[in-house]
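Attaching a single structure in structure tokens format; questions to follow.
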Amino acid sequence: MKTLTTVEALRAALWHEMRRDRRVILLGEDIGVYGGAFGVTRGLLDEFGPERVINTPISEMSFTGAAIGAALAGLRPVVEIMFMDFITLAMDPLVNWAAKLRYVYDRACPLVVRTPAGGGRGYGPTHSQCFESWFFHVPGLWIAVPSTPADAAGLLRTAIRTENPVLFVEHKRLYGRKGGVSDRLPPVPFGSARIVRKGKDLTLAAWSWMVAEAEEAAQRLAEEGIEAEVLDLRTLVPLDLERLAESVRRTHRLMIVEEGVRSGGAAAEVAARVGESVFEYLDAPIQRVTTPEIPIPASPSLERAAIPNSERIVREAFRLMREFS
Amino acid sequence: MKTLTTVEALRAALWHEMRRDRRVILLGEDIGVYGGAFGVTRGLLDEFGPERVINTPISEMSFTGAAIGAALAGLRPVVEIMFMDFITLAMDPLVNWAAKLRYVYDRACPLVVRTPAGGGRGYGPTHSQCFESWFFHVPGLWIAVPSTPADAAGLLRTAIRTENPVLFVEHKRLYGRKGGVSDRLPPVPFGSARIVRKGKDLTLAAWSWMVAEAEEAAQRLAEEGIEAEVLDLRTLVPLDLERLAESVRRTHRLMIVEEGVRSGGAAAEVAARVGESVFEYLDAPIQRVTTPEIPIPASPSLERAAIPNSERIVREAFRLMREFS
Amino acid sequence: MRSRRELYLRLWLIRLFEQKVENLFAKGVLHGTTHTAIGQEAAAVGACSALGPRDVVLSTHRGHGHLIARGGDPCRMMAELFGRETGYSRGRGGSQMMADPSIGFWGSNGITGGGLPIAVGAALAFRLRKERRVALCFFGDGAANQGMFHESLNMAGLWKLPVLFLCENNGYAMSTPTAAASAVPAIAVKAAAYGMPGVTVDGNDLFAVFRAVSEARRRALRGEGPTLIECRTYRLSGHSRGDPRSYRTRAEEAAWRRRDPLRRFRAELKRQGEWDEATERAVRREAARRIAEAIRYARRSPFPDHEAMEKGVFA
Amino acid sequence: MRSRRELYLRLWLIRLFEQKVENLFAKGVLHGTTHTAIGQEAAAVGACSALGPRDVVLSTHRGHGHLIARGGDPCRMMAELFGRETGYSRGRGGSQMMADPSIGFWGSNGITGGGLPIAVGAALAFRLRKERRVALCFFGDGAANQGMFHESLNMAGLWKLPVLFLCENNGYAMSTPTAAASAVPAIAVKAAAYGMPGVTVDGNDLFAVFRAVSEARRRALRGEGPTLIECRTYRLSGHSRGDPRSYRTRAEEAAWRRRDPLRRFRAELKRQGEWDEATERAVRREAARRIAEAIRYARRSPFPDHEAMEKGVFA
């Protein structure tokens, strides 16, 4: 066990997988000498050479498409899209190719698309977005949304090893976060939520950076006598509905925390599924705590007000407990 | 009042708006001589000339971007994306430009993007998809999803006149459908759902082609003594939550019919909002009838089995009434 | 190069397959949409016969001809069009999505230009693993206006990848003449922006296409990078079913019909003294027999099982 | 052309603005990200001073210089960087999203290449309405590899639109040398694929840029279509804050520092006998004063009201 930042954990996972399997290659903008905009691939060029750490032109659409071609040819490409906001440019190969190859052609497409998402750094409207929810609506893609260094590394290892194409969402605020990681970086299975904290009054479900906010909120709620259970979904596809339902059957209240804007977010899908499966156990409407329906503003003052944080979760939880007790 | 197909109604709306306002221009692939893949723009080139009916190269990303530029310059462009499946290529200008211009730069972007969506014609995995739900998750865009010739024309007229960018979804199966349209093609406001049929036992909410299926289902249910209320949402953004909630407060049961694949669909969002607002009135979990999590198969036999239809709605409604009565 | 008889057979197989498909759509037996390649057979057969068995081909929405040229099975193709379980994509893909990896045919596709980056990635993998293979991507004049054309050719030129970009310039993208959509309608000229050679050949001359692709393939295998090959051709049929062809004249069509690639090939065989009436009859008869067999096969095949419909989205 | 003094002042305004911005980020006063244009001032000022008042400019992520060159208000720019209500985007846009339509500056943007199609559409509208205006879009060498470069230039060339594509080729896209990302690193060469002239000028020579843009603008207004102008330049600072510049040598930087556009401009003025110590001091002093004022303005400005945060998404 050692303590690593998420950047270090991700880099270690890439390093191990590239060591283990010569088919693993990396593609992306400035991932070579520069080590990627956030330093995740730093040093890998020296270690594995330019044939496997491929610095691409600024051509998100086609280097993503090329990675699909390379996957079909037997490699296991890991693509970096510098900011998730730019995945708008790579939608076609992901949606109309990668996601459909198994179903239509029965072909494996072992592709991982890593991309930093989310706000909190004052990067403004086109460098702060969360789009994982779009891909929820695209059958054929797995979606990983880790919240700790250990899970980041473990899920990335699984992502690289599966035959399915994977969207791998890395939160920018997570990069510098430290956490314990076992030396052997054990792969983490997809589809298994993590119970971050046990509780009986309320379930807080979250993913990616919002897990940290939910955890902090739960701590404060505990001080006020409210025991919130915190679930880290870890992957959206597959979704661990079972653990979610099990938790809600005990707590009778569910609050989902999502950084993305409210409408059409993954929280809605999670809410709908839980609603369908354990409706009778619910003592309160399922709550969503999300960013409001706006582009993410650059001004730190506005951005802080826009993106959910532990205070807001606490406030909303109090309201929920008060209104439906 | 006359009887028109949806194609004719849409064409008439375009014609009237182009007549009324010289700023209205059309851009798209093969919209000139050919009249568009589905004939919506047929004849408009002759009437308005190549300066206003602009046949573009196959460059979805950039002619959509160019339309945004033209909108900023004071025109009112109406773009046709030949199949909604190709909007994957135009995500960037729509998401990172059109949707943000008002909020960030306080500039009007009077752009309409018309696009045929949906299956039922055996066009296969890349020509049958519904992606309107993605745009639900993009603050700054209006979304129209008409289900009748009259609404298609009326909503299109409103779309062309608003200062907001609009995604205008035309269902392929609707094109040939006939319906009464008043001679003056009255604009239809956004954000106002239409009560297609009154009922007291159950609310069926739908949009686009699924309204026809829901209506047919309601008829059959009526024969069996179940009075379903059918709501046509007409626009997803703005969403007429009030009318939905009002209906559910009376019927206590909501079933949402969506042609898109289940996960992350707009139905989840509608369910979540209704759940939040009238939870106490619900006697049953909100149901979603959708396409399963698969690419849309080409084979007519599979496609019919995949996409929701009136029989399935009837079956699901019976199950709901039985299980939660 | 395959035997001339075999090449001639492939040309006829494509021609008859496509005619039959148009017929079945017109009669309402088949539904959905389809894009036939009548008039473009020589480019498909000429290009594919210059490839090695381990090379891969990426195709387009107009892909039937490419698949037959590569050695695809008309039975499984027809079954796919009929939406049957025995089709290339088990009825899931339809006319625009068929693949046969066993013969290096990685698929037609419904996205104009979509195959280009895939081919680049395949070539990248071949180079990395030091495999002596090339990827060939068919695309149309219309596809050359897509952003991915630019991005893909740039990467291929930059990295000198073993990929062949084969443009079937048939003069139109749907209803749009090449010159009405491309600022420089000579597609091969665009190669200059990507540091690769651009060559233009008569796409209705099978041998010319064969030679150009063979040469480009040799270059690619020598590590000298990609080539853009523009085949000037014409689709004698409509863009897709129900196309009234109001965007072009019947006279233009007639002129191109005189340059029919099958007739051209026959003339060439004659010139080389390799043609006789008996071969002609035998080839046509065999082609007709195989297409008839394909239809029988398709009709007799079962529809896909609805129970299994949700299976196979993930590994 | 503006007075030489005015041009010189703009160059200095950009230089000092950018230095101050780097400084404020380094000190942790400002947060987020920013891309400064130190070393590229001449291209911005040369290009913008060749435009008419009704022309429009589309900019990039590295847009401060373009906005100042177009006549933007450093106070409102600085306020935007400080996230204040008085900023160009009321704090919503930040460094990469500022616009001032009143002076025909339609915005910087965070998407590499994103401005290109917007400029094409603006030009389309100008032509349609018979307005004598052009759209100019700045973009980088890296942006030239984006699909929208291809699509946008093709449409502009095809339709002969009054748009100027101004590439600031500063040798790098972030850490990637132009030649490591573009198969043909001479950007102007690509114009040939779009039926428009491509010209290369010394981007650190304000007058050369001015002349090229003036000529291209005249062509555009004559209805002869777009021009691709490649300005060879160099960013003397890092790509964005915190860039260790490990991808290039200090020697290379020093060589370019000797070609500093401000120094070049001064030399040119001297040559023309239009320079004296007094002007130099006055210009620098005025620039410094205005930047100091901008910072004061920004600091004194209120933060945006949280209550209004959700307003203004729709008309």
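Some notes on this structure:
Here the chain labels run A, B, C and D in written order, and each chain numbers its own residues starting at 1.
Everything that follows uses one rule, which is that contacts are C-beta pairs under 8 Å (C-beta built on N, C-alpha and C of every residue); 3 or more make two chains touch, one makes a residue touch a chain.
Given the structure is predicted, the values throughout are model-derived calculations rather than measurements.
Removal of subunit A from consideration leaves all other chains as one piece through touching.
Chain centres here are Cα averages; for subunit A and subunit D they lie 36 Å apart. One finds 30 Å separating the Cα centroids of subunit A and subunit B.
One inter-chain figure worth recording: subunit B and subunit D are separated by 40 Å, centre to centre, where each centre is the mean of the chain's CA atoms.
One finds 45 Å separating the Cα centroids of subunit C and subunit D.
In subunit B, 56-57, 59, 61-62, 85-86, 89, 92, 96, 100, 103-104, 125-126, 139-140, 293-295 are the positions where the chain touches two or more neighbouring chains simultaneously.
Counting only residues that touch two or more partner chains, subunit D has 89, 92-93, 97, 109-111, 145-148, 151, 154-155, 158, 180-182, 313. Contact topology of the protein chains: fully connected, every pair of chains touching.
Across the complex, subunit B is touched by residues 61, 85-86, 88-89, 91-92, 95-96, 99-100, 103-104, 125-126, 131, 133-140, 237, 260-261, 263-269, 271-272, 275-277, 279, 282, 284-288, 293-295 of subunit A.
Contacts from subunit A toward subunit C in the complex involve residues 25, 51-52, 54, 56-57, 59, 61-75, 77, 92-93, 96-97, 100, 102-108, 139-140, 142, 162-164. Those residues of subunit D that touch subunit A in the shared complex are 31-33, 80, 83-84, 87, 89, 91-97, 109-113, 142-143, 145-147, 173-176, 180-182, 246-247, 303-304, 306, 309-310, 313.
By the touch criterion given at the top, residues 56, 89-90, 92-93, 97, 99, 101, 106-107, 109-111, 114, 116-126, 128-129, 135, 147-148, 151-152, 154-155, 158, 312-315 of subunit D touch subunit B in their complex. By the touch rule above, subunit D contacts subunit C in their complex via residues 145-151, 153-158, 180-184, 189-190, 192-196.
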